[in-house]
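Structures follow.
Okay, so subunit A shows up in both of these, paired with subunit B first and subunit C after.
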Partner chain A sequence: MEFLLINHPLDCPICDQGGECELQDLSMGYGDGVSRFTEGKRVVKDKDIGPLIQTDMTRCIHCTRCVRFGQEIAGIMELGATGRGEHMEIGTYVEHSLVSELSGNIIDLCPVGALTSKPFRYKARAWELTAHPTIAPHDAVGSNIELHIRKNDVMRVVPRDNEAINEAWLSDRDRFSYLGLNSAERIAEPMIKKAGQWQTTDWQTALETAVEGVKGIVAKHGPEELGGLISPTATLEEAYLFQKWLRGLGTKNIDHRLRQQDFADSQSDFSLNDWALADIDDSDAIVLLGSNIRAEQPIIAHRIRQAALSGATVSNINFFESDLLMPVQHQLAVDAKDMAYYTLAGIAKALTQANKEDAAEWRELLGERRPSPFEQNVALQLSNARNATLFVGDLINHHPQASVFRALAKLIASLSKTTLVILPTANSNAHLKAKTLPSENGMNTMQMWQSDLCAYVLMGVDPQMDTAIPDDARRALKRASFVVAINSFHSDVINEHADVILPAACFAETSGTFIGIDQQWQRFAGGVEPRGDSRPGWKILRVLANVSQLNGFEHISSQDVVDEIESEWNMGQKPASHDFIPESFSVTSDLMLISEVPMYRTDSLLRHSNALQQTPENKANDVARMNQQEADKRGVNHQLPVIIKQGENQISLPLEIDDAIADGCIYVAAATLASVAIGRMFGQVEITQAGPSS
Partner chain B sequence: MKLDQICFRTSHLEQSWTLDAYRQVGGYQVLENLLKNKMRPEEILEQVKNSALRGRGGAGFPTGLKWSFMPRRMPGEKYIVCNSDEGEPGTCKDRDILRYNPHQLIEGMIIAGYTIGAGTGYNYIRGEFYEPIERFEAALKEAREAGLLGKNILGSDFHFELHTHIGAGAYICGEETALLESLEGKKGQPRYKPPFPAGYGLYGRPTTINNTETLASIPVILQYGGDWFHEIGTQNNGGSKIFCMTGHVNKPGNYEVPLGTPFSELLELAGGVRDGNSLKAVIPGGTSTPVVPGDKMLQLDMSYDGIGKGGSMLGAGSVIIMDEKTCMVKALKRIAYFYYEESCGQCTPCREGTGWLYRVIKRIEEGQGKQEDLDRLVNVAENINGNTICALGDAAAAPVMSFIKHFRDEFQYHIDHGHCMEHTG
Partner chain C sequence: MTEMLLTGPKEGLFTETLREQMDTWIAKYPAGQAQSAVIPCLHILQAANEGWLTTAIMDALASYLSIPAISVYEVATFYTMFELSPVGKHKISVCTNISCMLCGSEKVMQHIEQKLNIKPGQTTEDGLFTLKEVECLGACVGAPMMLVDKQYHEFLTEDKIDDILDRLNS
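Presenting the complex of A and B:
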């Protein structure tokens, strides 16, 4: 005890760890009241390791937990101990920001105040905070978290142990998203547009204006001219009431699949029964298809890594290679036009050959393909495994030929007895339960945007950042005669084209239910009061339905909504499903723009979290990337920006040569201000070098 | 035959480090015979056990016993590692073995590899040893060319390869598990034991680590027999031992004499105390062993058990002689500084405690001592002792405790008067 305190400053009064410090607790329990050490203490220079973690290295007691975390959990050894004895220091050696998507966990691990949360610094004392359990909404894991609240403010977020879900870890995205809650961009009051000018108003007026407007359109043009789009981050209750209200008004056009472009396989059944996150640990073969898993679902990536370390083989098939921080058996960056015809069909063909079993419907399509060694290897990896899992991620799901890819993935899975996991977006499993999907003959997201409807109701949707074709969304809203937005944050397109804005409560401010990838219904209650005059989404929707004079909206708590969903679900028939079989694989693609939503731009809350926006990996998004060969072929180089053209749209971005990108592809991050002008985020483009003057 | 010189048995020859010189004293004959006769490893082990050879690196652990821990029938690679890091202050023996008789070490390592079933050996040599490294490398080259290393040694079915690894001069890398970490390319920090290296050593494989002098004694033991070797020394303290006589003696240097030789004889060999001064104190086994007052030391024999009777340890045989002019406070300050600089930083008591000890002793030496410092020093040293993963913590504590125990009056004088006693310093 005495030795630990020798070189530890007695600065507890100004230390953020004070009150929750393991060293402080031990000193209180076992230490002497007076120090016998009268010599000078050492001082260590602080290191700058990025916008999320504050260092006070003089306080470090060299337990090396952060070093072990890097080695054992994060898989990237960013921190190490340099120097010997008393001269030992923890640091990055060459100064840089931590890039691990799990780096925030070292804040919890550090027993003293050497590594603390930078955004939380000097904000509150541990004993002033009330812990409130809830669920993180940014990925399909539904990590269990605790909000630490003072008065009516979320001061920080920490993980809550749940071995079945996030174990003891938390991604940086879930940990620091709360910073967006108090953004200046939050909508504080209901607003209506009068003669082109926004006016704040009271709820009654706003609700009445909204309902009048929507009902007016329905009366004049028919309910098919009304479309409703909701963000997949919305809660189960919000999703349910959203579709119930809109269906009550007569429309069939409802969707939550905002980034999907290909809906041909809507009838296919990809649901998972009895699959839990812990099943990843038991997998001995894992194939990732079109998923940048570390950014998409950091906690799942962690579980896959642990499986890989205990012997599972991992393969990665995508449009670019990525560093998974784990041993990877086979990795292939596939040209977008080859994904179906060669790679996936090849694997399927290899499996039919190995099984001596024929998939009749597919016989003609698979034809006489001769599988490449890579395809055979992956086929062998899957068929030899005792317990194989195939993950299909966003890069596939957002692709214009998603249906073809997913159909092939399903074929591969059934031939090799592999578990197929289509990675959901945030709370989208809840949306499937709540049926925020088009009714028969209703329009899906793409059709709604492309049909220029007369009225739109948007919930939690930023038309610019959250859609597959921001250009279509902009145009449709511009032409619409009435737009209602139930949002938490201001956005340019909404402010320009909406007629009513109803301020909705955000994550942490509302109660609800989250259904993650493992189908667990996780209920949570609101921790703080909604900002300003905003209201929980489910209440807004219920009152909208009341004002619309619809029956069956007597819920007085979100629990009532859940009860209704459950009884409806239990009574309802499982929708009939039939597998989608493509007619051909033919894809003509010269240069494909491939894009993924960067880790910290997937929803409005994240986009308003300053600390996350300032991370170096987030700032590195405003470039286009392609490999050297492809750049040479098209006569472009990195010295000047390139112009990426799609129809009439074009954007200019610096080009970065990155040989991880597959041939025939150019990578641009979606959901950034620089990239949304291109239009279709996943599609054909042309590229030219910008002239020196531009 | 009475032979005192074991590790230095070529020292009477010109260019004693060459293969020719080594062959003149019967070098590599043991290896040739045992390969030719396909000697059973158990027989070799028996000889080594009979010899009562004890680890020359400092701990004095019986070598035969250590070798018997190796699971020699276990499939897969096993290793023999020679510890030539020789970092203990006052020690200079392994360096001279490498300089003047490297082939005996090579033969010893090959035999050790044969006995424990290891196919690869590493000699971890301290980075500062430029000349010894060159000599050892040259000897390895000679041995390889003579077919004594590599595949099918001397036409037998035994393969053995030996490599040099150059350390970077960290004291802690003389600790066997830190040495293994360093050999693996990591930061030299001791591992928890158990598992011991014989079960989980280099790269997780069974490994035996011996000191240079230990391994260099093996060929001679096998040449003349374990019992012969045992008889050179005393009961349970077999053979001769190199003593590094340093400090205030007239003829400092390495002296290889039978274990059990009275200290007074050894001192005489080294020419006695400088300037005819009287003997004040002796550190018998390197700075990490407790100091022994001169008068007591003169009654002791130089063997593991003999020095143990004087409350200290034979250690690596690094005998540091201090005459009456020595200021014990200053001596301890220098020793404490060494451990402060060399602590690896892994365990808290050692990382923080060594600095504390050094600073307090420095203060006393500079005349800023306080009365309570003396008891505090002892108390802090006691708190370090036994509370660390490796023995470095104990090594840092032992001198402090023994210096203050035997020479408390000098420390007291420093505190009271702010300077050394008149006749010292």
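Presenting the complex of A and C:
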């Protein structure tokens, strides 16, 4: 104990870890009351390792847990012990921000106050906080977390152990998103627009105005002129009441698949039964298709990494190469056309060669072709595996021809007895259960935006940032005569075009149910009171239905809603599944825009979390990337910005030469202020060099 | 000396000669364990760069060995024989560990300090000598001792030190 304390400052009262420090506890239990050490203590300079983690390196006791975390869990060794003996220091040597998407875990691991949460620093003491269990809403994992609350404020978020889900880890996204809760952009009061001016009002007036407006449109133009769009981060209860209310008003146009562009395969059944996250650990062959898994679902990436380290083979097929921080056997960056026509079809062909009887309906489509070595290798990897998994990610799911890719993925999976995992967005599995989907002949997201309906009801949707076609969304809302937004955050488009804003409670403020990728129903209660005058979403929707004089909305708690959903789900007929078979593999060619929603831009709460927006990876979003060869072919270079033109829209961005991007592709991060002006995720674009003056 | 290439694909890093020298060492370890060769590689690169290592050289070595850069920094900062800032033509490393200390290494150090008018860690103005205080070099039987460049000198006395340094100076 005395040795540990030789260089450790004895000033616990001014240390952020005070009260929850392992060293302090040990010293209290086993140490002496008075230090016999009278010599000088060493001082170590603090390091700046980014906007998430605060260092106080004089307090470091060299346990090297943070170093081991980097090596063993994060897979990227950024911290190390430099120097020796008295001069040993933990740090990055060359100062830089940690890039691991799991870096926040070292805050929990550090036994002393050397690594602490930067946004939480000096904000509260451990004993002032009450812990409240809940579920993180940003990806489909449903990581178990604990809110640490003081009075009515979420002071920080820490992981809660759940071996079946997030083990002991938490992604930085889930850990620091709470910072958005107190954003100045939060909507505090119900608002209605009168003569073009926003006025705050009371709930009764706002609800009545909303219902009158919506009912007025339905009466005048028919229910087909009403569309409802809800964010996939909304809870199961919100989703259920949202669709029940709107269906009660007669509309069939309901959707939560905000960034999906291709709905041709909506009859295909991609659901996973009896699949758990822990099954990833047992996979011996894993293929990632169109998924930047580290950004999309960090905890799943971690599980895949653990599988890879225990011997699973990993292949990665995407529009760009990425560093997965794990051993990868086969990696291919290819444009959309070649991916469908050659790569996936080639893998499928290689698999059918083993058994000629299989996939008769595909024979003509696959045609005569000789699979390349890469395609054969991946086919062998899958067919030889005992327990193979094929993950399909957002780059495919958001693609305008997603159905072609998914159909091929499903074919490959069934030929090779592979588990097909279409990675869901946030709580979208709950939305499938709650049926926030268009009814028969109803409109999907794309149709709703493109048909210029008379009225829209939006819940948790920022039409610019959360949709695949921000341009159409803006235009549709502008032309609509009535728009209700049940949102938590202000946004320009909503402020400009909505008629009623109903402030909804955010994550941490509402009770609800989350259904993750593993189909577990995880219930949680609200931890803090909703901000200002905002109300939990399910209550707003229930009262909207009451005001609309609809029957069947007598729920007094979110549990009542869940009970109703469960009984309905158990009684209801499961929709029949029809596998989608494309007519051809022709995917448009020429220069393709590759749009990926960056890790910290996926939903409103994240976009309002300052610390996450300050991270270097987030700041690096406002560039276009293409490889050297493609840049030469198009006659552009990185010295001046480039103009990316899609239809009538164009944006100007600096060009970064990045040889990880596939030929024929230009990568622009979606859901950023710079990129929403382009109008549509993916699709063909033209590129020219900006003149020196522009 | 040809200029070392420190960026780009790993097949073209450094110079061909340096790559050959390092590959001999890498080949001594099992495949996939190139990290084991980090010390000999650092020696080779340090010798090729006037006796010291730049961060760029260490980064290039990390990508050549396919290991994290911090793993190279850790080794280079741990061992006293690696220099991270420019050094003089001759490097004098005086052991001040227990055996040498008992046999008078403090006097040895003092004498060199006075003679060259520098403190440990410093380089003479003419850029000829760098003085370092180092941990045990495993020659306790000949204490007090010092290492000058690659040569051990044992049973040091003031005369002997003068003699060694004067010879290098001339």
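Just so we're on the same page, the second predicted complex is superposed on the first by the 691 of 694 C-alpha atoms of A that agree within 3 Å, B and C clash if a C-alpha of one lies under 4 Å from a C-alpha of the other, contacts with A are read in each partner's own complex, and residues count from 1 in each chain.
We take it that a residue touches a chain if its C-beta (ideal position, glycine included) is under 8 Å from a C-beta of that chain, and two chains touch if they have at least 3 such contacts.
The structure displayed is predicted, hence computed values, not measured ones.
Partners subunit B and subunit C clash in the overlay (superposition on subunit A). Judged by the touch definition given at the top, the superposed model places A:Met77 against subunit C, while subunit B stays out of reach. Of the two partner chains placed by superposition, A:His221 touches none, neither subunit B nor subunit C.
Of the two partner chains placed by superposition, only subunit C is touched by A:Tyr93; subunit B is not. Within the superposed three-chain model, A:Arg475 lies out of touch with both subunit B and subunit C [touch as defined at top]. The interface of subunit A with subunit B overlaps its interface with subunit C at residues 81, 83-84. Every residue of subunit A that touches subunit B in the complex is listed here, in rising order: 2-4, 6-7, 36-37, 39-40, 61-62, 81, 83-88.
Subunit B contributes residues 170, 172, 187, 340-345, 348-356, 359-360, 363, 376, 383-384 to its touches with subunit A in the complex.
Across the complex, subunit A is touched by residues 55, 68-71, 73-74, 77-79 of subunit C. Across the complex, subunit C is touched by residues 76-84, 92-94 of subunit A.
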